[in-house]
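In what comes next, chain A is part of two complexes: it sits with chain B in the first one and with chain C in the second one.
== the complex of A and B ==
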């Protein structure tokens, strides 16, 4: 049974590395000052929001600018449902409501732009952000207005999470569950379908995938995670942050997390979220004041410069290259080992497949877009053909025995 | 953490025949014994430009390798898009496996057993060959959102079958050595084969190939068409091929349809088409001689 889930762990990462990571993630709060533990909880929640946005930005190839409004809506709605002067209901009810509302709102944005993409989605989600700012955030009953509200941290399943350490563990556990679920989703047929829709909608449609459906699904998952982050933010701060924290500019800050980290690695999203949360505080202790927004802006610039694969993709590429180069050195030039990403097949040693091979195409004017000359097109002859394209993959088609029909005569 | 080891059920026996058997078991059986694809009286205009002018009849018989040729701007890709569902025709109808699909979406047509490739490669360059192939198996793997995410028994079994089939397709397309290689590390011809392989992984009984040899050299083009032809024969597929490489079409296709300026100017066997004065005029600039 557990074997079905073994693909969550990368075969390229040794077991001890996972153990060490777990030990550090759980142990550092035992020795860290209280303020840093609190920041750790905030970083976990930023990571959950970042992962949510990563589904839309990295996996669906769209940009949502409504993220801060969705987080804020969930913060205030959960707070209102849970707090004593609100509905005074259990935390899980508030959390469920926050997640549900954010999911529905984000899905609605996707529905409205189902056949569109790019700039239209950005504008519509920005419109959703502004609409929420002017409607939901103006309800003093929800936000507490200028007075502010107090919220106690929850007790769940008989466990109290009042201390910062306990709440950090709760946030870290939720983050771990989110990472596992997203990894499993990404490896499922639905995750592959989402990536194919991002690559090309028509190609996805040609193999039976509805691009509209998957776009809406991406926004729904993203909305759910943004709502989850918001619902847990309410008790983290005990007194939910002011609505200034959830205005349009905050959406750009949230967007910076997946843009900086890239779409390749969920771990990179978590590390970037921790960096964005901890770096300004760390620098402040050194006497350097740096606004988190500046960090976010630098992240956006970095992510844009690196490209869609972000820092995570760049690092993974280096590691992959390093691994293959080491193998090349051992086996000799012109040989490399193909390291599969799943358990379907064993590593294969093949010839002449360099890790990075420049691809050349037929130059313009020498066959035009790789097409053959007119003479060749009509089958008169093969003289004057465009120069052959670079091959060198060792993938030349092999001669085959007669087909079944031919064999039958 | 458990060490990841190959699953015994995923072992693929040696040879092309084993790969074919695995793949045949993976794709659904086609019980329809009529003409898989029929297009009738199809017209399509984009503003003032008439891309297709009442193309009277396009038929792709079962287990056939049908060619569709014509000079640039003839309307071949528009016709493909109409047949595939990306473009809705102004007039006419498209019948797929006996069902009128003229107004149905491309993904609904794929569910009936149609798939297609494109002139440009639409593969994810940042995924491995294997992952690209597996993406095509979407509709042959059971499981809704939760069943697939949490690996229900049925979903897990289908995933295993799809993985084995992906390996089989890779073998048939000579991509097996690079299953784990990122697609961007491969050359254009190999990427073309990945795209064809992904279409095959969707389990089609009717495959539309839009210039599969575009961008590859003549040698590879010839081999690629021969390979597709071979797979069509082995798997009993019906194939409709658009190709600028006319020699390959003439050698492998029957019947052949010829479009020019949105009009069907000829249809028939390779010999009939090659000797058709309109076709010769269209391709070679020869003047039509009327008896």
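== the complex of A and C ==
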């Protein structure tokens, strides 16, 4: 049981790093000014929404552009259910309603586009976004219209979350639960099926995995997380934020979070979400007023340019390479080692090759013609692995990085 | 919400005229979208960004008075020309990236890249001119004309005229010239085009530049009909996108028909010919149209490419 949960942590990251991360994540609010603590809560919620989109973008290989509308719908619905001049029901009821509505809407979008290619999914979800803007957001009863409405922060399980610090901890706790659940989902049968659908639709169908069913599942999970982020946003702001926050460009901004971070690391999504929240505010503190869209746009551009594994993937590759090289150095020369990606932490020796045998796979950019790699091999065979390894061209079987957002054309 | 079935015939004709004028602008953008889609097989959301910043730029150059912002008040037609060149430059830069390193990338990735470019460009415009809410002068003067006993503005007439001329020229170029054959060949099959020696990359980048200029023209012509705000142009992009989708992203004539349908429905339903409707209802009707179009399209998958013929 414990082993199952411990598999949430990447074996490539040392344990002390996780400890330090936890300490910083919980401790910084105690010393930071109030406004930044508030932003911290907002960043946690952006991270939840980003993780939700990451399921669709990173794992299912589709792009949904209706995210801001779903978050907004959930914000206003939860606000209306919870606040005193609305239905005045407990917070958890509002939360459930917000999550449910967002899940249903997003699943519906997926159902409608189940058999269409990715580009039509984009166009239709963008259409859904605009439709929600024009219908749901124009209902004054939900949004509170032009007059301000007030919403108190919830008391849950006898705990009050009225202060910004307490609410930050609540958001962070919810975020942590989301991360654990998503990781377990990804390692589960269904998670692997989802990844297979992204990598090769035909192969997935051939082994009995229904591509469109998994697409709808991904959209449903994503909708639930977007709804969760929205429902938590309602009490964060106390009064519902202006509509402008949930218009079409906001969808693109949200999309930028998982695209920048990449599909590889959930932690990267969280860090990017914090960056995207804090950076415009920090720049404003310095007197540089920058539209968050600039940050989001740059993120989208770099994220797509780097590829589906994103910045998080690039960092993880580095860490993995380091661990592989260490293992290689321990096991000696001429050994081919395959490291398991997630679960067990023991390296598996699958083959022992003589050190002087020519390498079958020359890494890209290593010269291409056989002559140069012979010289390299002499180095490998005689005076140890170190020079070759430092260039990151060891004898390991590296997994091919998964295709970019979508494998099929 | 019930769609009340009344019929106000007296406002039908003006609504139709208005609808045709708006649809000519949707058509401009959807031509740009279809052309670039055929070149790089991705939806060029970047045109939304180009159109958006071009609208701002045109307003900045040509407006004579503005409430809170500095404007230059230059002559209007030269300003429009500058804006078009600017848009073409934007199209050139983006096209070079897309046709270069990204030529073989999956199209959803390229489309996402395009979305990022749109967000960035719109963000830059929003940072420079924050909270703009301005009236924009038409490049063709402010007068109105009588047309079958109806008042139409010069701006509307010239916009429609521009589109007609442009469609005619495009048809001629695509069907009668060597360049047109190149473009159609690339649109059909990039690899085959390369094999027979078509300079794929330069032709495609040329088409990208042309489309960028078109998007800029569309952006600058849209705002005199409404108000310049951050989202004004994005809205038009949505409509043009829907029109391009109705054309299956491969047929210019169908995209033009799509633009006409969207413009007319928006104007006729939204204008209250069938009783007063909220903007939400109008949006739902248009969304239903788009959705129906996509489903139809899914059925006629594998249809023939007809970029050239009208």
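Heads up, the rule we're going with is that the second predicted complex is superposed on the first by the 327 of 409 C-alpha atoms of A that agree within 3 Å, B and C clash if a C-alpha of one lies under 4 Å from a C-alpha of the other, contacts with A are read in each partner's own complex, and residues count from 1 in each chain.
Operating definition for what follows: contacts are C-beta pairs under 8 Å (C-beta built on N, C-alpha and C of every residue); 3 or more make two chains touch, one makes a residue touch a chain.
Quick caveat: nothing in here was measured; it's all calculated off a predicted structure.
By the touch criterion stated above, A:195 is placed in contact with chain B alone, chain C being left untouched.
In the superposed three-chain model, the partner touching more residues of chain A is B, compared with the other of chain B and chain C. Look at A:128: by the touch rule set out above, it reaches chain C but stays clear of chain B. Shared-chain residue A:259: touches chain C; no touch with chain B. In the superposed model, A:296 lies in contact with chain C only, and not with chain B. Taken together, the two complexes place residues 403-406 of chain A in contact with chain B and also with chain C.
The touching residues of chain A, counted against chain C in their complex, run 61-63, 65, 112-113, 115-116, 118-120, 122-124, 126-128, 130-131, 133-135, 138, 247-249, 252-253, 255-256, 259, 289-301, 303-305, 308, 403-409. Across the complex, chain B meets chain A through its residues 1-7, 10, 16, 20, 84-86, 105-107, 110-111, 115-118, 122-124, 126-128, 130-131, 134-139, 141, 143, 145, 148-151, 155-156, 159, 163-164, 166-167, 174-181, 185-190, 193, 195, 198-199, 201-202, 214-221, 223-224, 227, 230, 233-234, 244-247, 250, 283-284. By the touch criterion given at the top, residues 2-7, 9, 11, 15, 18, 181, 184-185, 188-190, 192-193, 195-196, 198-200, 202-210, 217, 264, 309, 313, 338-348, 350, 353-357, 359, 361-362, 369-372, 376-379, 382, 385-398, 400-401, 403-406 of chain A touch chain B in their complex.
In the complex of the two chains, the chain C residues touching chain A come out as 41-43, 105-113, 115-124, 126-127, 130, 230-231, 234-235, 238, 241-242, 245, 249, 278-280, 282-284, 287, 290-291, 294, 297-298.
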